[in-house]
Amino acid sequence: MSSKTHEIAHDVAEHPVHGTAIYWWIGLYLTLVTGGEIACFYFEHVIGPWVTPLILALSAVKFALVVMFYMHLKYDSRVFSGIFIFGAALGTLAITGVTILYHVLDVLR
Amino acid sequence: MATTTATAAIPAPAVAQPKTGLWSWITTVDHKRIGILYFWTSLSFFLIAGLEALLVRTQLIRPDNHFLSANWYNQLFTMHAVTMIFLALMPLMAAFFNYVVPLQIGARDVAFPRLNALSYWIYLFGGLFLTIPIFLGKMPDGGWFNYANLSEPAFSPGLNIDFYVLGLQILGLSSIISSINFIVTIINMRAPGMRLMRMAPFTWMTLITAVMMATAMAVLTIALTELMFDRFFGAAFFDVSRGGDPVLWQHLFWIFGHPEVYILILPIFGIISEVIPTFSRKPLFGYNVVIFSGILIGWLGWGVWSHHMFAVGLGPIADSFFAVSTMLIAIPTGIKIFNWLATLWGGSIRFTTAMMFATAFIATFTIGGISGVMHAAAPADLQQTDTYFVVAHIHYVFFGGTVMGLFAGIYYWFPKMFGRFLDERLGQAHFWLTFIGMNITFFPMHFLGLLGMPRRTFTYADGLGFDTMNLIATLGSYLIGLATLILAYNVVRSARAGKRAPANPWGAAMLEWAMPSPPPEYNFATIPVVRSRMPLWEGSNVLAEGIPHGREMEDTEEVTFAGAKLGKVSYPDDENIMSADDLGIHLPPPSVLPILLALALSLFFASFLGSHWLSLAAVICVALLVFAFAFEPGHSGH
Amino acid sequence: MDSAARAADPAHLDTSTGLDSRKMAFWTFIGSECLLFGSLIATYMAYKGASVTGPCPHTTLLWNGQQCPGILDIPLTSISTFDLLMSSLMMVLGLAAVQRGNQKRAAIWLGMTAFLGAIFLGFQSYEFTTFWHEGLTLQTNLFGTTFYTLTGFHGAHVFVGVIYMTVLAVLAWRGKLGPEKSLNVEIGGLYWHFVDVIWVVIFPLVYLIP
Amino acid sequence: MMSRVEAVRVRSARERGPAATIVSRLRSLAVRAVPGLLTLALAACGGAETFPQTTFAPKSDYAIQIDHLQMLTIYLGVGVGVAIFCILAFILLRFRHRPGAPEPKHVHGNATLEVAWTLIPAVLLAIIAVPTVRTIFATQAPPPADALEIDVRGFQWWWQFGYPQPNGDTIFTANEIHVPVGRPVVLKLRSADVIHSFWIPQMGGKRDVVPGRTNEIVFTPLEEGVYLGQCAEFCGSSHALMKMRLVAHKPADFQKWLAHQAQPAAEPTDSAVMVGKKLVTAGACAGCHTIDGTSASFGKTAPNLTHVASRTTIAAGVLANNARDLTAWIHDPQSVKPDARMPNLGLKPDEIRYIVAYLQTLY
């Protein structure tokens, strides 16, 4: 098979190069961040109006950790990242669009 | 070096493929045969949808007419639109995706042949499911966008809307599966050297369309699911008494619906970008720009949905945002129009029927686009929305755009698909009747709208000044009907008895014309190496040497263009064509699972009209068939 | 995957990107699913606080000034969230084991994944039945409608995943998931992690944000 | 003023044979075919006499603002369209294949041209976009304090108009909205069932009437007259038959009209009419209809009949307000208006005669 056929091929390793330890670490981070989210919820009165963005930021971190490490996007082809980010971006667009229309510009409801 | 032996030669499976007969069509996984199935099925639905339109027009031929009752009228205009969009035009495009795209990228088949068959069968069953209510007199009657809360059980208790909801769920499934298949095919199955920026424009537009389809259809699925839950399980999504907001349906529907209308035009942009260069003997002007403007349209199409909702009262900020974002889309679209004009400029234009449709498309689509921009001026749209001005816009973009473009595609690719030309004399008659008929039908609708005729009205009173223009429109629609009958006759006759077509009858540039018409089941005997964006026009020796057709040399004649050898004429019934087995090419074996799985999936949705036990049985069938699918010998994928 | 197996498989035949077609198809499917859940979440967000009667997710005031008791059980759901995250960990470990050819171990990890998934479903059924008894049904109010639909859709995905993982675990146990088949597990993993990631979005939006 | 109203009065289709109408219309079509579209275009700009629902004869400040914008888009659109057609026609004639002609040069593109045809449309669009945004904000501005507020409620398939009074009462009428000239009017749009859309073209753009929301239209009628409109959002079987009309009065006339509408229903003097009154107020009618000043005072789901005889049409502009049409309506509402929400009560012809006699006194 000539390498010419691999036009946008990245030399992708079939297996991640590292061992499984990193997965355990990620698992730990996920647990900690989840703990952080829940703490935010319970200390809402302390944190004030910043809870919502804070919780959203924490969950974005979790999202990124799972997608990058458990779903291997960090190591895998950029084509996959592109496809996923496209879908995720449109999904986010739909959510934010509707949320803005209903909760920011809700002139008549 | 012109060829590679990239294909690993695998011994053919022991079971020989059945080549003819009903069973071979039912179990086929060949993209070309599936394309042909799509072709005939969607044309049939086109006739049905057109007939529904003619009934609608007949009712409107004069004021206070009693040809149709309100109930029938409302069902017919709804089914006209639903059938046209989901059962006729989208699948007709799928016919070309299926037939042409793998050939254009130099592939042996799509990435997942069985999923491809599955998509077709789901489409067919979904279409048949939506045909049942015609005989019950219970067709969907809420308009094609089926606004809540009129569609709630409280206001539409009958089966009509159930058929809409379930039917579109089935069809959406088909679209999602096939779009995923085409995305992967185009990204992953290209011949060596077929870089992204060497792909034929039609392939490019198919890719963008497929991406929009895979995403937009998911939104429709959810909108329908919510309505389904309201209708079947008493959920409160759109129930005003429990705080539900019917406007949410509008948002969800149009988040899908606007990308949907671009799904219906982008492949046409691809077709036009093939036909115009071919018949003006010039490469597409500004290839890169045409491709990127297509991508831009695909993106911007996601941020304009509320232009269908200017009258809802979303407030001035939202209205302004959506008005301006909508207007922006005119820029990339205009770029395409201008690049086509520049392609024609200085060309040597040959008026085949395909070319006539393509050039007429430029004119009629521009009219539709401009009325679109008029809509985008939100305050002006408050006068225009929900009037015949919108109906005029719809039909100038859908008929003057999509249908004219598809007609161009039919005349262009028919020789490739069936090995025979469509009759050009009938073609010319078809063209002129269609072109004149559509303008007579739809142009007066602009005036009707601005003079105050609302759409979706089963009748109108005398004295409002609508009579003459409606009469004209109706007479025009009969002309289109006549034209369509000519087309129907032409395709049916020519498929069997048309003039034989050589490999590259039009002297076109793209890879699909490098094979005999129709191509053998394995497409390319050896996968070609692509060196150019226009493989048959540039470096023509690549073709002469590089793409053997699986036949003896002496049976071919050369096609020349501008003194250069382009390809070889070949004849479909040629005894010397070698089969895939002879060539040692492995093709996936036929499979009966796609049709069974499609049946089970359709049954699942249909079972909502029956009992929960039926649903359960359907789910179990689906699960078992999915297992069988995953483990079927000779196939991969899931 | 060894080259013989690769060659026998038309979907793998020298793809133009060198990437596996099935994996690409699966990522595309996930892209599509993003919009599926995106629309459901958008609906939930649009209707947040729009119920005309209780019960409500969090204790709030209704439009008519009445106190509406909060119904969500944060500690319970925190545990099930943790459970689902850990199932993702089991999943990657399972994949790693398959890739190393350690099928028995892979079977255990995959079985654990399915098991933790089942636990999550258990929590969810418990939650649903409790809410049911407290008077929240699909029909009660907008919160009930959107909550059950969104979390139910997610739960259905988990259910499919549990079956998927069980099948993989059984295959591995029977020694039918050698390293050459690791792609099957990888795709199963993508599915599982995606379902997990959706929960990562749902959990704060539905449960934590007031 | 009334002549147009008469012209629009619904003529029953049975009066003329279908074939005859079509032939005569074909003949008139042939006569008009010569000037063709030009005539149509002129007619389009032409008066509300021929086209009572035209958008080209704006008669309120709101409609005029829209008209300016709409005309701008029309001029610009026609200009762009004609330009494209001319270029296309030129190309198709000039560059058609001629036998023996050399093969065309292979040109692949031109960056300057690409930039040009990106910028020119962008400029043209900006010319539309700026007034668009300006008009959006101007036409959706909050109503002035002295605006006359009218409650509009859409029902399947008729309109209810309510005039809130300083004393807290509301005066109801149906399908005919009366306004004074020169004073801003704010319509509060609500729906009783599904989505409708309020549209009187000469008074301005339409606005959806969405259940669960209250929408607004603000406009100042500028000229006396009767203006026709109809529901513009598909709302079920009889969407086509959900019409209305707006009557713009001199302010003094409007006050007179309003004062009259505030009166309770006229008391019958005639004995036949008395029978009719009893049938209506003691019968099923009262379950839905209200007639102020009688015992029928609780119906909320049907047009208020207190002054039904003062209206030009009944059943949302579908029938004339005369004995024959009233009889036809009460006899069988669904045959007039498919799925009409008023039941066919199976009344005897005599009873209907009495009822109609009574209704005709409710001036």
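Structure notes:
All chains are identified by letter, namely A, B, C and D, in their written order; residue positions are counted from 1 within each chain.
In this text, a contact is a pair of C-beta atoms (placed from the backbone, for glycine too) under 8 Å apart; a residue touches a chain by one contact, two chains touch by 3 or more.
These figures come from a predicted structure and were not determined experimentally.
By number of C-beta pairs in contact, A-C leads when A-B and A-C are compared.
At the far end from chain C, in terms of centres built from Cα atoms, lies D.
Among the chains in view, B has its Cα centre nearest the centre of the complete protein Cα set. Separation between the centroids of chain A and chain D, computed from CA atoms only, is 51 Å. One finds 37 Å separating the Cα centroids of chain B and chain D.
Distance between chain A and chain C, defined via averaged C-alpha coordinates, is recorded as 15 Å.
Residue positions of chain B with contacts to 2 or more other chains are 6, 183, 187, 190, 192, 215, 219, 243-245, 248, 251, 255, 313, 315. In chain D, the residues that reach two or more other chains under the touch definition are 212-213, 215.
Multi-chain contact residues of chain A (touching two or more other chains): 1, 5, 7-8, 79, 83, 86-87, 90, 93-94, 97-98, 101, 108-109. Chain B makes touch with chain D in their complex at residues 61-66, 69-71, 74, 142-143, 147, 149-150, 155-156, 240, 243-247, 280-283, 285-289, 311-313, 315-316, 319-320, 323-324, 327-328, 330-331, 334-335, 337-339, 341-342, 344-351, 359, 362-363, 366-367, 370-371, 373-374, 376-387, 443-444, 447, 450-465, 467-469, 471-472, 537, 562. Residues 1-2, 4-5, 7-8, 79, 83, 86-87, 90, 93-94, 97-98, 101, 105, 107-109 of chain A touch chain B in their complex. Residue ranges of chain B in contact with chain A, taken from their complex: 4, 6, 183, 187, 190, 192-193, 195-196, 211, 215, 219, 245, 248, 251, 255, 302-303, 306, 313-315, 317-318.
Within the complex formed with chain C, the chain B residues making contact are 6-8, 10, 108-109, 111-112, 176, 180-181, 183-184, 187-192, 194, 214-219, 221-223, 225-226, 229, 233-237, 242-245, 248, 251-252, 255, 586, 588, 623, 636-638. Residues 1, 5-10, 12, 14-15, 20, 23-24, 26-27, 30-31, 34, 37-38, 40-42, 44, 51-52, 55-56, 58-59, 62-63, 66-67, 69-72, 77, 79-80, 83-84, 86-88, 90-95, 97-99, 101-103 of chain A are the ones touching chain C in the complex.
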